[in-house]
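One chain, chain A, links the two complexes that follow: it is found with chain B in the first and with chain C in the second.
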Partner chain A sequence: MLKTTRRNAIGLSAATLAACAAAERAQAQAQTITAADATAPRLPLESGATLRMLRPVRFVQPDEDVFRANCARFTQATGVQVRVDFVGWEDITQQTAVTANTGAGPDLIIGFNESPHVYADKLVELSDVAEYLGKRYGGWLALAQRYGKRHGTNNWIGLPFGSTGGPLVYRKSAVNAAGYERPPEDLPNFLDLCRKLKQAGKPSGFALGNAVGDGNGFANWVVWSHNGFLVNEDGTVGINSRETVAALHYLKELYATFIPGTLSWGDVSNNRAYASNECWLTANGVSLYFALKNDPATRAIAEDTEHMLLPKGLASASPMAGLTLNAMVFKHSRYPNASKALLQFLLEREQMDPWLNANLGYWAHPLANYDASAVWTSDPKVTLFRDTMRSPFWIGYKGPISEASAAANAEYVMVQMCASVASGQATPEAAAREAERRAQRFFRRR
Partner chain B sequence: MTDIAVETRNTAAAAPEHMAWDSRARRMVMLWLPLGCFLLILLFPFYWMAITSFKPNAELYDFRAHNPFWITSPTLDHIHKLLFETAYPRWLMTTMLVAVCSTVLSLFSSTLAAYAIQRLRFRGSQYVGLAIYLAYLVPPSIQFIPLATMVYQLGLFDTPFALILTYPTFLIPFCTWLLIGYFKSIPYELEECALIDGATRLQILRRITLPLAVPGLISAGIFSFTLSWNEFIYALAFIQSSESKTVPVAILTELVTGDVYQWGALMAGSLLGSLPVAIFYSFFVDYYVSSLTGAVKE
Partner chain C sequence: MSVTTAIDWTKRRADRSALARLFDWKPFLVFICLLPAVGLLMTFLTYPLGLGIFLAFTDTTIGRRGVWVGLENFEYLLSDPLWWNAVFYSVFYTAVATVLKFGLGLWLALLLNQHIPFKSLIRAIILLPWIVPTVLSAIAFWWIYDPQFSIISYVFVDVLGWRTTNIDFIGSAWPARFSLIAANVWRGIPFVAISLLAGLQTISPSLYEAALLDGSTAWQRFRFITFPMLLPILAIVMTFSIIFTFTDFQLVYAITRGGPVNSTHLLATLAFQRGIPGGQLGEGAAIAVSMIPFLVVATLFSYFALARRKWQQGEGND
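For the complex of A and B:
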């Protein structure tokens, strides 16, 4: 039991004052986000409403703390109790499947990417809330619109909360020593840089194993940067193309410059290799930078680390589709209005801006006016992540987002195509044919 | 003189039998080398888990500067974080509760089922046995969605009962088959004698069969406990509250944040989580071995 002493009391008062000051500062910062006058949708709260939400586990502790505090403020404002449970990133898909298929469980889930599109017929439409928020905060960014709206319609079935990109993470000293100011945007020079890094004993490395974020991110970049794609706009498979074969030939040369072992890399492998000076150029979210920065043993590496969007290659924009948090409300919920009101509340500037700041730039905002959030100027190395949701690429590019595109991604069709070429198991032509055959299994039956 | 003779005889009896074809080199190649390889493969993961639990992060991530197989400056930080900054003790208690209850429930049901199938020999008993075995072959990844529907309808979702009552779906078929085999090795004549003496079927089960089947029950219990302790997919699907999770699911949720794996704490969680199973095994290992060789030696 805590014994109340004068010293304790002074300490507690100081902590309380500090917390109050931080909250006031956060609210003041939030007011710098421009918000236009817009009429909020009428959402009469159901009497006796209580809500239950599932979301992926935090990136850093303040993510969870601020999110819970925001929900508590909603309770304070409306009287609706909100319970939030956090689930592992790899596990949220199964939890969503169980919830959707049994028609019971949490009222709302914040899942990833295309989840709302897989369970579209089991979800409450969110167009009224989305339109209001879009008007109020300068419009939804490209990736948010892609993941939020049902394909070919203006009907919102998901409300994106943020997205995390995986740009290049590199050691400035090594890249400079190789004769480049920063990694080049064009593919031949990028290959040249990787060769020089290898010669210098400071190799690059990108995941070619079944890694949800890094593996898919790299395989997509290889193909998209050569103007290849998995699916045509009409939803037919388009992976077996001249562009894909060219991309795979390029990969074969690029792979020779990698650190050994990337074929078995999972999402965490490049973090470890980079932190131990084994790998000097890779692709990752901002988590790697903060992990290095927060550990005194690796702070020097963080200081030498820079970020850059993945090289454009032949594409018009950096080929990168961020991992996107996408909220959905289930029809089985007895309190759909309260659920929608909660999502709306969480995306308002008073809640959203402190949450973005708490995440240190890990989650990039979905609404344009949050460009002004202080998080993007808090550390110059983080600023680049601000535009993650402006990307014109998405998982399953450039076809409609559907259950099929989700399945093809979950089965690592692109990753395994790249890995088979890199390992020498298949020629680029054979690998593209095999990927086409596998992709057709998913896209044909739907 | 007599004492010396006895001692010599005893020593000779205690020494291992030495055949003409046997030699030190042969024993090395045929016995110690395979045994050494086996032990290495079996124990290395535990060794790795143990040293990772006590390694500081700097040593964990830099194999060039630090020997990956040893610790130079051990730390208790990971254990401290696990025990005092997460709800690990509570997860451990939940896992224990679920494993013990589902094991007891499964053993009770399996004993009755196995006895009925093996001894009562009712019409179609063989087919019932086969059906139970087939039920065991249905993978949990197929069963979890229909089971989830039932769990919701019974109002058990997100409670330990969701696991206590669903784990027997794979434990009962397994234990039943194990016990059918075990009951088969108990001579039927013993039961016939009891029947002649006027014992009822339940009395025979309680006073004759079960005491002889203790090693088999312990063996089935150990298997059930271990399977329940390590189960992942039902625990993941039926429990959503952070505080009601079992160890295998909870440590992943709490200690893997995005692509940042807190390896030290994860391994500490696995190490502490495997201790109860190891202790459980150590108590009953003799019974476990004897159960593999049959009940009554005829």
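For the complex of A and C:
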């Protein structure tokens, strides 16, 4: 996604300076976030506390700069030294596993999605901090509650920091030429739009290859928009249903309208096809839009680009589950209070708002009052990402969040079910049965 | 002259300490000298291998210590079409790629063995595909096979105008399988060619001269001199090649990640996919362990079929 060239790097460092200046301004702006009076939990800092934290690497350079600056301000305010290590996205899950199992290493980790649920019994409960922040900033949004609380309880084991989703990205001109103001919310009309785009030689395209983000996002949408789901509420596998089969029949017709080659698409393929005028409607994070906007060669495409939440179909809300940053504090930490205080500090408006701004909307906030953050009005085309964490869907919907739902996601169970139907290798019924068989393996005793 | 020295000499022998005698004892000395090597092997080879085999009998996941489940993982694999699919493709991939690599590699070696201008430079260039890091060539092939931006599609569609649509290299099962085999063959030929070239150069020219005097044809010289003389090195190179091809990982993982719909998973990529991103360490280890029988059979085959010649063991007059 991010390619670093020399020119880029020079541009970036200039951008970094600009971002730091912007961060100063953002400090002032942070006051526009309303904060109710709430009593912060009493967290007496352990004397001589020092903290070590892991988090996933930045998406844009200002992300890292502002995050480090925020931690430095925590040190200034409390005297607690904080060391932050940025870890590759693919490695953070394994590093979390090692930390949890050996009981040594960083005091706190910002991981992804399900991590706190997998290691729940090795974590410090964060309910006091979470309740305070919820009261102060208008409450936690739906996805944040889902990923933060232990299943079926009100006990917080993770503190979500933000979430990134992949809504529809489309060329306004092409959709308008097909006779639609914007992509329709209902499934038959959406199919009609894709057919017309195909006829016009401006096809749509969604990843059906082994793409962790885009592939799972699309496959989940196909199933969820027909009211199907992978897991029942009690954690048993529920993928082999009438709804799933209907969804796969629909997919077969939809796939016929795609640009050729989507079965081998990885996470970057749709970005490239979209940027070269080969694909006119796809689903992606905000990164695609900014890549187009910042390159003079593709600025015209960016101007013609609009975002829209994935069509609802039969579901009551747009079926999209963002990739969520989820912070956790380990029991083995000698400074649990300092750890909690740091997370609380980072989620306060003076730190959180500049950080959201630095990320240009890539990470959407978990607390309601940050709706007022300047980042959401900085570019009207980014505004809809504001609601990413209002989604009632999550990875492994509708079951408890667990290691198993994460494994089914990483093993592309849903993606491959869809791909096998799209490619004609399996009938919808057979594909649903195969997905059920594979999923049952993951959910067998949890 | 010898009397005095002989007496002195026996005296010294009697003086030797127990330690010195211990070090003079050959079995002990052998043991001591082997110790560093054995230690290194135990630490860096036997332990990981043993751990891998142990994990295959547990249900360990990333994040949770497993319990011993005996053969359960293997029983599941036997009922798992994905595993059978990976077994099929691993064998198919290895067989087809090895035949092609050896056919083309031998041909290339024979050509390189001729007297041609810039011989050493050409030989060096031939090695390039093998020297380039696999991931690098995999990324190059990934672009070559890209559904939208393939250079081959570009040439056929936009330059020559022979086709109207892009070629779908890795979008469906069989084309994807053959595309990966082509990439593997491209990478593997130099190794085979250079190794066989080394073998060719050990064949004494006098054999060819004698054959020429007897009025042999080029085919006869190849069939009755080159080929038999090349067999020992052929056996070794083939054993290596089969092992490397069967356990290939990078090409497949970088180009298709086992897709489309798992049709190009090799056992190695399936083991990684299930063990690390999928988190099912035990099952991933079981898949990796399930490769061992195939490797043993393949190795024995090339050893017995190609290398069991009496004259190679220096006893016969074959």
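Quick note on the criterion: the second predicted complex is superposed on the first by the 422 of 446 C-alpha atoms of A that agree within 3 Å, B and C clash if a C-alpha of one lies under 4 Å from a C-alpha of the other, contacts with A are read in each partner's own complex, and residues count from 1 in each chain.
Simple rule for what comes next: a residue touches a chain if its C-beta (ideal position, glycine included) is under 8 Å from a C-beta of that chain, and two chains touch if they have at least 3 such contacts.
What you are looking at is a predicted structure, and each value in this text was computed from that prediction instead of being measured.
Because the two structures share chain A, they can be overlaid on it, and in that overlay chain B clashes with chain C. In the superposed model, A:Glu278 lies in contact with both chain B and chain C. By the touch criterion defined above, A:Ala291 lies against chain B but remains apart from chain C after alignment on the C-alpha atoms of chain A. After overlaying the two complexes on the shared chain, residue contacts for A:Trp265 are found with chain C alone; chain B is out of touch. When the shared chain is aligned, chain C comes close enough to touch A:Gln416, but chain B does not.
Of the two partner chains placed by superposition, only chain B is touched by A:Leu54; chain C is not. In the superposed model, A:Ala97 makes contact with both chain B and chain C.
Touch criterion not met for A:Gly228: it reaches neither chain B nor chain C. Contact with chain C, but none with chain B, is seen for A:Arg441 once the two complexes are overlaid on the shared chain. Legend: residue contacts after superposition of the two complexes on their common chain; A:Pro167 is shown touching neither chain B nor chain C.
Of 3-11, 39-47, 93-101 or 255-263, the chain C stretch that intrudes into chain B once chain A is superposed is 39-47 (criterion: clashing C-alpha atoms). Once both structures are placed on chain A, chain A residues 90, 94, 97, 101, 272, 276, 278 are touched by chain B and, in the other complex, by chain C. Chain A contributes residues 54, 57-60, 85-91, 94-95, 97-98, 101-106, 164, 213-214, 267-268, 271-272, 275-278, 284-285, 287-288, 291, 295, 297-298, 362 to its touches with chain B in the complex. Across the complex, chain B meets chain A through its residues 57-58, 61-64, 144-145, 148-149, 152, 157, 233, 236-238, 240-242, 249, 252-254, 256-261. Only residues 61-65, 76, 81-82, 145-149, 165-166, 168-173, 176, 256-262, 273-274, 276-280 of chain C touch chain A when the two sit together in their complex.
Interface residues of chain A, counted against chain C in their complex, comprise 90, 93-94, 96-97, 100-101, 118-119, 208-210, 212, 259-266, 269, 272-273, 276, 278, 403, 406-407, 410-411, 416, 419-420, 423, 425, 434, 438, 441-442.
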